[in-house]
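Below you'll find a set of structures to go through.
Same chain, two partners: subunit A is paired with subunit B first, then with subunit C.
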Partner chain A sequence: MFHYLEEELEQLKTKIIKMGSLVEEQIEFSIRALFEGNLDLAKTVIRRDDEVDKYDIKIDKHCQRIFALTQPVAFDLRLIMSALMINNDLERMGDIAVNISERAEPLLGYGELLRKMRVDEMSAKVKKIVKMSIDCFVNSDAELAKMIILMDVEVDKLDKEIFDLLTKEMKAYPDLIVPCSHILTLIRNIERLSDHASNIAEDVIFLVDAKIIKHSKDPDNLKQKE
Partner chain B sequence: MFHYLEEELEQLKTKIIKMGSLVEEQIEFSIRALFEGNLDLAKTVIRRDDEVDKYDIKIDKHCQRIFALTQPVAFDLRLIMSALMINNDLERMGDIAVNISERAEPLLGYGELLRKMRVDEMSAKVKKIVKMSIDCFVNSDAELAKMIILMDVEVDKLDKEIFDLLTKEMKAYPDLIVPCSHILTLIRNIERLSDHASNIAEDVIFLVDAKIIKHSKDPDNLKQKE
Partner chain C sequence: MTHPKIKTHKLNLYYGSNRALKDVSIEIGSNRITSLIGPSGCGKSTFLRTLNRLNDTIDNVRIEGDINIDGINIYDSNIDVVSLRKKVGMIFQKSNPFPKSVFENIAYGPRINGINRTKELEYIVETNARKAAIWDEVKDRLHDPATGLSGGQQQRVCIARALAVDPEILLMDEPASALDPISTSKIEELMFELKKDLTIVIVTHNMQQAARVSDHCAFFLSGEIIEYSETGKMFTKPVNEKTQNYISGRFG
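Our next item is the complex of A and B:
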């Protein structure tokens, strides 16, 4: 029974890692499509969301099977609970990559404006955070997870700065009201990617340290789970 | 053992229902604070988010305890998995109520503009959907859940119409660029409430019918779980 559980958990972890890589690529492609005005690439992202959804269903089923057939405790139990939550976050990050891709068309030809509004800076930060969130799960690295939560705060700050930049730009150039409104929606989406990465980081801390960090602003001031 | 499990599941369900009522009230208050320009009420919502977070941690722990002490199968297993997911959605809906409340100050004095931009219409629809999502969990009502998923599509449509209304308003009255930008962020948040309610509906269908509806646009064309 124990060997069986061990093997199942290894397979579950592999599935999450594969899904994570796919979602990371979807995000990378959606941002590239946006900045390069590459509508074919945007369509590829939208079409490939099906693959992300398939992983989501597979992982849900896998967790259900492990729960039904074994009685996991301690670390193993937390691993499956975390897997369920991380799966959920990754699936929604995949949806956000689709939303970003859908902005490629209305923002076609506005690469310069996107850069002026510091969307490239925000995207680079968030892509890094997303990569780190998957790495911290792969390596069960709680220290990396704590860094992610602090970086998410920086993204929120940048988000507010871009909001002000956008309203100033619209006031100065009323012709840019429509593209700037699309960018406003876009940065909401990019900011949410960072939130989901931060959720994954919290799950990894729960997994490794058996602590619940969520709802605590200070990662060093953790609440004990039990 | 069976009696113990039954009792635990009943207690878990009660906790979710209590959390659902609290979150529903948080949303109700946040929207009222916005339209009435009531900053005290907005602050109350922000302060009370701690209570939502406490429920979230309690429910997570409760699920973990049930998994560790019993070996639930079939409906019971699905109930706990759904509880974990619904808890997650409710907690994020609570965060969104906070975000909405934070817009009360920059939108102070813009009640008329909010109505002109049909935010009252969108809020009313979404409050109804949120209420239905909690009801469908309480009553394990899969039919009601399917209605919610269809209503979420209507909200997405209204969201796009309001986007156009807002850009037209900003072009016509550049003085309104800042409040309109806040409204643009606000409707993103209101729309996300509807998405979370829709996720809860999907979980209820999974719970009742043992089917995975997520990723299917047509609620009658469900994918079998196993």
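Our next item is the complex of A and C:
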């Protein structure tokens, strides 16, 4: 039984890592499509979302099978529960990459405005957080997970700053209201990516330390809440 | 724990020179089911048998340390072992009905304790057969041999027999390991009912059974308690790596 379970858990972990890499690439491509005005790349992201969805279903089924056949406990149980939650977050991140790609066309030719509104800065930060979230799952690194949660707070702060920048821009240049509205939606999407990465970090802390810390963004509480 | 039903302190048991229990200290609360888990030969059954002094019958056994039940050391020289075993009943892995009728099996304890009036015995038999969830299945065959019942029914008759002397503690040594899933489930449901009135300590090799039925769980390894905690905690967040490895099937 033990070897069977070990093998199943390894395969499950591999699926999550592959899905994570795919989602990370989808996000990278969607942002590149946006800044480069590359509509073909945007279409590729939209088309490849099916692959992300297929992983989502595969992972759900795999978890169901392991639950039914092995009645896992302790770390093994937490690994499968985490896999289910991370799978859900990754799938949502895949959908957001599609949403970002869909902004590439209406924002075609507004590269300068995107940079002026600090979207490049926010995107770079969020891409880093997403990468770290997948790394922290791969390495079961709870310390890295805690850093991600703190970085998500910085993204929220930047999101508010960009919101202020956008409203000022729209007031000053009413002819930019349409592209600025698209950017408004875009930064919501990018901010949500960071939230999902932060959820993954929370799942990793649950996996490693058996602590449930969701709904608490206070880093001082991270060590206390169980 | 404020008033443990059972409390052992630095309990050591030797079979000759072999130390089978090593400084076992544990507090077991009233009206709870406590399961003892661990690989074969880890000392869990030996420990269980110390709780009603069944090891007394084995040659070369030496015991050190304390075992208190309701605050009284059961190894004190003035303890009446028969009264102790009336208070602390035992159910074994293999059902062991006497070669008598179902009625006489359940009435056996009360009878040897001086109860002979038929009406009273009939009342005791029915009450305890009901408590053991076997009444409906045997009420029309009370005077048939108990050995003619199925394994699961025999085990519940043995539980009724143990209950008939009003024990406060029930020790169960793998009580369902020889039973089919339906009989196992009946025994487990019965345990939930019985813990309202009794303290139950069960040895089991079945991890799922320990997780399902017990409130607290003690993991034994090589005669020592490695971890003792609330069962939900042990099966989701064990503290010791050896516990994690055992309950997830990595050894044992």
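In this text, the second predicted complex is superposed on the first by the 220 of 226 C-alpha atoms of A that agree within 3 Å, B and C clash if a C-alpha of one lies under 4 Å from a C-alpha of the other, contacts with A are read in each partner's own complex, and residues count from 1 in each chain.
One rule holds for everything that comes next: a residue touches a chain if its C-beta (ideal position, glycine included) is under 8 Å from a C-beta of that chain, and two chains touch if they have at least 3 such contacts.
Just so you know, these numbers come straight off a predicted model, no measurement behind them.
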{"item": "Touching partner for A:Leu5 - first (subunit B), second (subunit C), both, neither", "value": "second"}
{"item": "Partner chain(s) touched by A:Phe75 [first = subunit B, second = subunit C, both, neither]", "value": "second"}
{"item": "Contacts of A:Glu143 with subunit B and subunit C, given as first, second, both or neither", "value": "neither"}
{"item": "A:Glu161 touches, of subunit B and subunit C: first, second, both or neither?", "value": "neither"}
{"item": "Which superposed partner A:Met85 touches (first subunit B, second subunit C, both, neither)", "value": "first"}
{"item": "Greater subunit A contact set [subunit C / subunit B]", "value": "B"}
{"item": "Subunit A positions touched by subunit B in one structure and by subunit C in the second", "value": "71-74, 77-78"}
{"item": "List of subunit C residues in touch with subunit A within their complex", "value": "207-208, 211, 235-238, 243-244, 247-250"}
{"item": "Subunit C contact footprint on subunit A (complex, rising order)", "value": "1-2, 5, 71-78, 210"}
{"item": "Touching residues on subunit B, where the partner in the complex is subunit A", "value": "50, 53, 56-57, 60-61, 63-64, 67-68, 71-74, 77-78, 81, 84-85, 88, 163, 166-167, 170-171, 174, 177-178, 181, 184-185, 188, 212, 214-215, 223, 225-226"}
